[in-house]
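Paired with chain B in one complex and with chain C in the other, chain A is shared by the two complexes that follow.
Moving on to the complex of A and B:
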């Protein structure tokens, strides 16, 4: 009964999301696009944090390299968008493989420090390597051409781009969900709960952690790639640790224990950001306070706390 | 030859300052089992307080050197009692998240109070200018002062840890907190005290760094990344590890800036990656395997 209600709510949400451009003011189409992209970014982070139990403070590197890849391919080679996004995904996975190879060998304390440090290394490279990344000005001035696969779309129209993002995010999220539900995903959750025991079962924990981190990097790269046509720029700030903080906050806000937690967190985060930054500059201060309070008193997140309560109820 | 000498002195100066910061991070980790992501923010707070005391209130460097770290230590006691005590019994990820939240809060508060501009602090009269060493090479007096402060702190900390009762209590609490409690050590007091001591060290580093580095809102981020590199190279939770890591990173900076300026910025990360590949637990570390 309850699972039927949940499924119904999910289907209703998807229908509402599809109808969104026709029912809300123009401005909220942009908000909707940002929520979807950041939601996928946060969900990719949560595969590593909520499922595997590794806290990464460097996810902006994979997100950012995805943005740079799509922006540069559009600027220099005018590739169709879909091809650009696939490259973004590959770049995110590759970078995650390299950073992950060095970082998953040690315990979670080291992992948190290493991901932050390597993330900032990528940020510094984007900042300093002017001949390729154009330094702090970033990559801008690219135009959107075709989508790919012979599908004819006016990507410059925000409502059309919103629907493209929605379709990609839904497909990517389904894949991510299937990964979480597969036997591979169950092993990741077992590693979070008791790594020692999984290792005694004869499984190579490092390999599983590295695989989770690489997959996560791929989806973060895809999310970053979709950000390039949306923001019309790829800048080093997208690789800064304060960008890495966003999926962390979103996952905590929504709840790390449920697959859809990060998406709910993304919606809350982006809406709050829009409202608060229109009143005050101190958005980061607010974020810090919210994060501290959530960790201290609502560790399960908003969706998590609600679902725990509702599913427990008779 | 004299150029190499100056580069080596530079390395010593950078390395000793890094040691002061990283050893605080290490002590806090040892006893609290918490990596304080806000450690760099506390260092920055020390530098900004020194700027306020000296440039805005016209007080002397000595006053800043005494008052600013104490003020930050008091703040640390408040943070510990108000925030951190909620998560001591919880999973380690929660402490990482909470200190990360503190980092956001302190960083943004600094930006709100002092603005995003870059400030400079003049060294005190006595420590300005340069002296000739290695024949005719000029070397700033203030950097020599930093080296002296660093060496004094290395000696003092070694003495505290190995030769005093307070040091023994700290080491006991780090080794086995339950056992220490059973031996009538008030571990709650030790935990708060150690967190405050770590913050004091960070802020002291900030005050000492203020006259030779730009005081800006990004300085905390820079130093925390460097401290993490020190900790990874040296090994977490050990005093000699912090010293070794800081010296290695100091040498990378001092010599790298001189001989490989193009990739100077990347050298610390390359060094860290090499240590991770060949000695994952750090040069002096033990037992950090996943």
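Moving on to the complex of A and C:
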């Protein structure tokens, strides 16, 4: 019964998301696009954080390299968007494999610090390597060509691009969800709850942590790739450590214990940011207050607290 | 004579100037149950940690079926057929009881590398998990969250997880510690039946002398990191060194309450 209601709510949400460009003011199409992209970014981060139990503070590196990859391919080679995004995914995975290889051997705060340190290095490279990245100006001035697969779309139209992003985010999320519910996903959750017991079951937990980190990097790269046509620029700020904090905050806001938590967190984060910055400069103050209250009283996040309560109810 | 499953030579662990385990020599034969006794701090758990790969020995070697496994990582030793429990319950508290066993079974069968199957749809693993849980008489708890079941049931669950990887050599670290007398009887009976099945070789550390005398084919007595005596129950009982150092002046004190309190 309850699972039927949940499924119904999910289907309704997807229908509303599809209908969104026709029912909301023009400005909110951009907000919707950002929520979807950041939601996928946060969900990819939560595979590592909420499922495997590793707090990565360098995820902006994978997100950012995805943005750069798509922006550069659009600028220099005018590839179809879908091909660019696949490269973004690959670049995110590759960078995560390298950084993960060096980081997953450490636990907890040391892992967080090491990923933060690597994230800062990647940011610096993007910032300083002017001949490739164009420094702080970033990669801009590219045009949007074809989508790929022979599908004819006007990607420059915000409503069309919103639907493209929605479709990609849904497909990517389904894949990510399947991974979370697989035997591999079960092992990741076991590692979060008791890593030692897992290694005494005969599994090399470093390998599983690295695999989770790499998969996460791939989806973060994909999310980053979709940012390039949206923002029309790839700049080093996207790799700044403060960008790494966003999926952390979104996951905690929405709830790390449920797959859809980070998406809810993304919606909350982006909407609050939009509304609060329109009336006051003190966005960070309000974010801080909301976050402090969440951590003190609703540690399971908005979606997590609600679902825990509702699923417990007879 | 058959070859020993476990052959330990001069196993030593020093922490700085402190010697926790000193020059242990031990041969464990297939299918026997060997109890390791000794007061707290005698080095029993450190000994386990070295055999199971949790700690690197300072000196000495551990051979499993003739292969040198000294200093290998825990997951490698586990893969070679050694499984262990811990003194403090070591389970996956947020998962259901059945999922706890499924983790170990997925690891053993190699499903853990599958990214796109549905873990909850794996019939083979589920049936095997239920079978194992029934064998440990906690089958009816299978869909409970592991973190909220009773202490004794958690200990049983950990034994189920330990057995799920089909080990040849099972190291149990105080399996009845903190249990009620009823639970202790249940676990003792269970280990007895597992040992009688001839599928396992057991090492058991235990403070409860009743359990030890009931289960052990042989006993290793440890004292301040050293091996004080090895032998059958009778041999160890009559060993003058053991009487003096461990079993104490009161020979009738077989339930070990005094030792447990040391």
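By our rule, the second predicted complex is superposed on the first by the 312 of 314 C-alpha atoms of A that agree within 3 Å, B and C clash if a C-alpha of one lies under 4 Å from a C-alpha of the other, contacts with A are read in each partner's own complex, and residues count from 1 in each chain.
Operating definition for what follows: a residue touches a chain if its C-beta (ideal position, glycine included) is under 8 Å from a C-beta of that chain, and two chains touch if they have at least 3 such contacts.
Computed from a prediction, not measured in an experiment: that's the story for all the values here.
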| item | value |
| --- | --- |
| Chain B versus chain C as contact partner of A:171, first or second or both or neither | neither |
| First, second, both or neither for A:205, with chain B first and chain C second | both |
| Contacts of A:194 with chain B and chain C, given as first, second, both or neither | second |
| Residues of chain A touched, compared between chain B and chain C (which is higher) | B |
| Chain B versus chain C as contact partner of A:16, first or second or both or neither | neither |
| First (chain B), second (chain C), both or neither touched by A:185 | second |
| Chain C-contacting residues of chain A that also contact chain B | 205 |
| Chain A-facing residues of chain B, complex | 29, 35, 37, 83, 86-87, 92-94, 96-98, 100-105, 107-109, 111-112, 221, 225, 228-229, 231-232, 236, 265-266, 269, 272-273, 276-277, 280-281, 288-290 |
| Chain A-facing residues of chain C, complex | 52, 54, 73-75, 78-79, 83-84, 90-95, 99, 102-104, 106-108, 111-120, 122, 125, 161, 164-165 |
| Residues of chain A that touch chain C when the two form their complex | 178-179, 181-187, 189-190, 193-194, 196-205, 208, 215 |
| Complex contacts: residues of chain A adjacent to chain B | 49, 53, 55, 57, 102-114, 116-118, 120-121, 124-125, 128, 195, 205-206, 209, 241-242, 245, 248, 252, 281-285, 287-289, 291-292, 295-296, 299 |
